[in-house]
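We call the chains A, B, C, D, E and F, going by the order they appear; numbering starts again at 1 in every chain.
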Amino acid sequence: MTEPGDTGLTHVRPDGAAHMVDVSGKAVTKRVAVAAGVVETTPEVIALLVDGALPKGEALGVARVAGILGAKQTPLLVPLCHPIPITGVDVDLVAEGTEVRITASVKTTGVTGVEMEALTAVSVAALTVYDMIKGVDRAAVIRDLRVLEKSGGRSGEWVRDA
Amino acid sequence: MTEPGDTGLTHVRPDGAAHMVDVSGKAVTKRVAVAAGVVETTPEVIALLVDGALPKGEALGVARVAGILGAKQTPLLVPLCHPIPITGVDVDLVAEGTEVRITASVKTTGVTGVEMEALTAVSVAALTVYDMIKGVDRAAVIRDLRVLEKSGGRSGEWVRDA
Amino acid sequence: MTEPGDTGLTHVRPDGAAHMVDVSGKAVTKRVAVAAGVVETTPEVIALLVDGALPKGEALGVARVAGILGAKQTPLLVPLCHPIPITGVDVDLVAEGTEVRITASVKTTGVTGVEMEALTAVSVAALTVYDMIKGVDRAAVIRDLRVLEKSGGRSGEWVRDA
Amino acid sequence: MTEPGDTGLTHVRPDGAAHMVDVSGKAVTKRVAVAAGVVETTPEVIALLVDGALPKGEALGVARVAGILGAKQTPLLVPLCHPIPITGVDVDLVAEGTEVRITASVKTTGVTGVEMEALTAVSVAALTVYDMIKGVDRAAVIRDLRVLEKSGGRSGEWVRDA
Amino acid sequence: MTEPGDTGLTHVRPDGAAHMVDVSGKAVTKRVAVAAGVVETTPEVIALLVDGALPKGEALGVARVAGILGAKQTPLLVPLCHPIPITGVDVDLVAEGTEVRITASVKTTGVTGVEMEALTAVSVAALTVYDMIKGVDRAAVIRDLRVLEKSGGRSGEWVRDA
Amino acid sequence: MTEPGDTGLTHVRPDGAAHMVDVSGKAVTKRVAVAAGVVETTPEVIALLVDGALPKGEALGVARVAGILGAKQTPLLVPLCHPIPITGVDVDLVAEGTEVRITASVKTTGVTGVEMEALTAVSVAALTVYDMIKGVDRAAVIRDLRVLEKSGGRSGEWVRDA
């Protein structure tokens, strides 16, 4: 069968209307997607996040939990995204230099890929980091939110060019 | 009174624990925040979004609606964010060149700023754009998600340096 | 000030884009809206709902609770609806003849009317009734979902013509 | 096995208590349900929705997105409804004469039918249309919300009598 | 394969970070979990709940519905809990003496157990009972919230010691 | 005015139907509620939570975040609870002996008390602790979930007897 989007926009019918594309004929396979993003801030803020009086991990841990919960909210946030049973989520945050680098890996056994869940996990974790640092750096920027790799399904393995 | 975050991380207590900071003493004022972000893709995808067989606006309109709904979900997504009564949201998307540029403006009459709501609106709109174009450009990147300006509250007017 | 919608569609800007209209300048007043609707089914189903072996009220009570919860979900369901602090909800269901007649009354002290909350309460209660009776009457119809009256705000009292 | 509801109200136990009936023994099959409904308004409002200064489709497109998202919210709105993995949703709106006619088609590969998801999609789309036109016609009525057809599962194909 | 938690905390990686553990390799089996809890109050309040002017069951019926809906919310409330397709929920409440005793039984055909869903159903039902009686007994206590039994999955049948 | 519940069950009308009681006439005041509860487990599990290879706080930090988010979900979980603007939440967890003791303090400036929000925060934090330890102690019990004190509103200060 033809996958949605091969010949145009995913989720848009030939008549131009948005819809949630029918995936009932697609194979149930194990699928993984990894996404990443960066919160750019100042060295002083990074120090507060990792070296300060704070129990290491509490601040970044809040963002991790938010990202995991965010992955589960994906189909309620992204209108045309299919609800799928996520079978695993890892969210990692590394604070170093002027950056908090965030990576999310999401797994499922289902009929669609999980790149939207991985991207949503990173987005929500990044928003949560911003929320905690905005009092000291409201100019912080979230950047380079992107899919790094995905596997499973008809299109097989894909890894982003370096 | 001292605003949360003046001397450190917003939402983190002196003992390092995360909490939703008490804002019950803050003044109820009109507040506005504007945030922006970009989905970077290819000229071919931009053409599909704006010039193709699609009714102009349907694809971007879906992202707009998602962004507006996303703004209202902010306190359920960002753990330490206060629930506040949003009084207005505008989300604008311009597709041009290799970019979809997204701007969200959020208003409230309340005790906290609405920059998280504006950033969340832009994030969810950007995720929705990615979801629609991922079939033709899975390498698209969401970048430069940031607050452009905010007004209202103790800290008054703030505009990002160009 | 001019209320949104006086000269055209509520929530649509002059340039045709959907938005959540700014209500921050509107007065905070006590507001009430009453909406109603009907689930049309068969006399046999009505008998099951009210006269059978069931504890009177359990079946209709489930629909009542669903309607009250539905009213609180309104701004997450109806994209351009403002979140407002509901201060009271009554949902009443009368099963008689071939009909379950549903009425919802919603109150707030706020800047927008609550007719959407009242209509949503009736809708969700009606869907819940249908869900319970669909095994015996899948041809049941939900009809005449409408606002009966509203008060408060700039437009004052409005009562539907009989 | 006996389907729930064959001998009485769906979701009501012999002792009269509401419950979410056990469907773990039911077969996983492809299932489709189509539901429809009407928003009755005035010719002037229909003209605003389709012929006016608005980009055609933006107003109805908002309702379409709301309906699709609404379908995914069904098990959180209708208390005794099973959560099921929706595999496709189409919502269509036609504005003509004095009516906006709404149809929703929902698909799944699962153990229960999807008529509640289709009805909820139509309901939420209809509420969203009302929300946009209430400024110019608060007397608009939502009517004839009903299931048109369903297929899949033990009870096979069912089409509503014309 | 090793089940998560056999050698330590469920949902915590060897490096100490919280994650949603990967269950994609686990077998899909029928699973049941039963949980229980008690709301301790006064004989006078119990009389109001069951013997008074109230239609028997309305007050306890509200708590039952809340518990069933709560079970479906579990993965949005408990951060590291996997979303699973619940196939059946029963919530029972018995008001007697000084207690409302609540039991919830949850079923699924899936890869993880449903004890969290059963516990969440009891918790939300208990909170709802408290909400209704707090005007007459704000000192009421929710106690003994626990899993009574579970079956299905690698660990097989488990029944709590009496 | 008479507060709801002074003469009977909160949220139940004289005719016995459940409703969300009208609070639009109540005064807007600062209100605080403190609730607490205990997860009873084994000394070995407590050691894993606080002394082990885990970064101190990550496991309990997850529960803290879940509790804070849970407080914001209260009106969507407890059917007859009014939505109110929470202005602050603290959730504290102390793991010692055989217990994790949880306390939640919630503040608002509003028309109803926040004891339901405080109790919900403790409940969700306790469920999250159970979810993390269930692999090593499925017999753990959540007990003594109760309101410790509340202030604000017509009924003034209330502190639980020791």
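The criterion applied here is as follows: a residue touches a chain if its C-beta (ideal position, glycine included) is under 8 Å from a C-beta of that chain, and two chains touch if they have at least 3 such contacts.
All values derive from a computational prediction rather than experimental measurement.
The chains in contact with chain B as well as with chain D are A, C.
In this assembly, the chain whose C-alpha centre lies farthest from chain D is F.
Its C-alpha atoms fitted onto chain C, chain B is found rotated by 120°, rounded in steps of 5. A comparison of the C-D and A-E interfaces places the larger number of contacting C-beta pairs at C-D. Chain E has its Cα centroid 31 Å from the Cα centroid of chain C. Measuring from the averaged C-alpha position of chain A to that of chain B gives a distance of 16 Å.
Chain A has residues 16-18, 55, 57-58, 61-62, 65-66, 69, 73, 76, 79-80, 85 in contact with two or more other chains. Pairwise chain contacts in this structure: A-B, A-D, A-E, A-F, B-C, B-D, B-F, C-D, C-E, C-F, D-E, E-F. Here chain A touches chain B in the complex through residues 3-6, 8-12, 14, 16-18, 37, 48-49, 52-55, 58-59, 62, 65-66, 69-70, 73, 76-81, 115-116, 119-120, 123-124, 126-128, 130-136, 138-147, 150, 158, 160-161, going by the rule given at the top.
Every residue of chain E that touches chain A in the complex is listed here, in rising order: 13, 16-24, 75-76, 79-80, 82-85, 110-111. Chain D contributes residues 55-58, 61-62, 65-66, 69 to its touches with chain B in the complex.
Across the complex, chain A is touched by residues 30, 57, 61, 64-65, 68-69, 71-73, 85-92, 107-109 of chain D.
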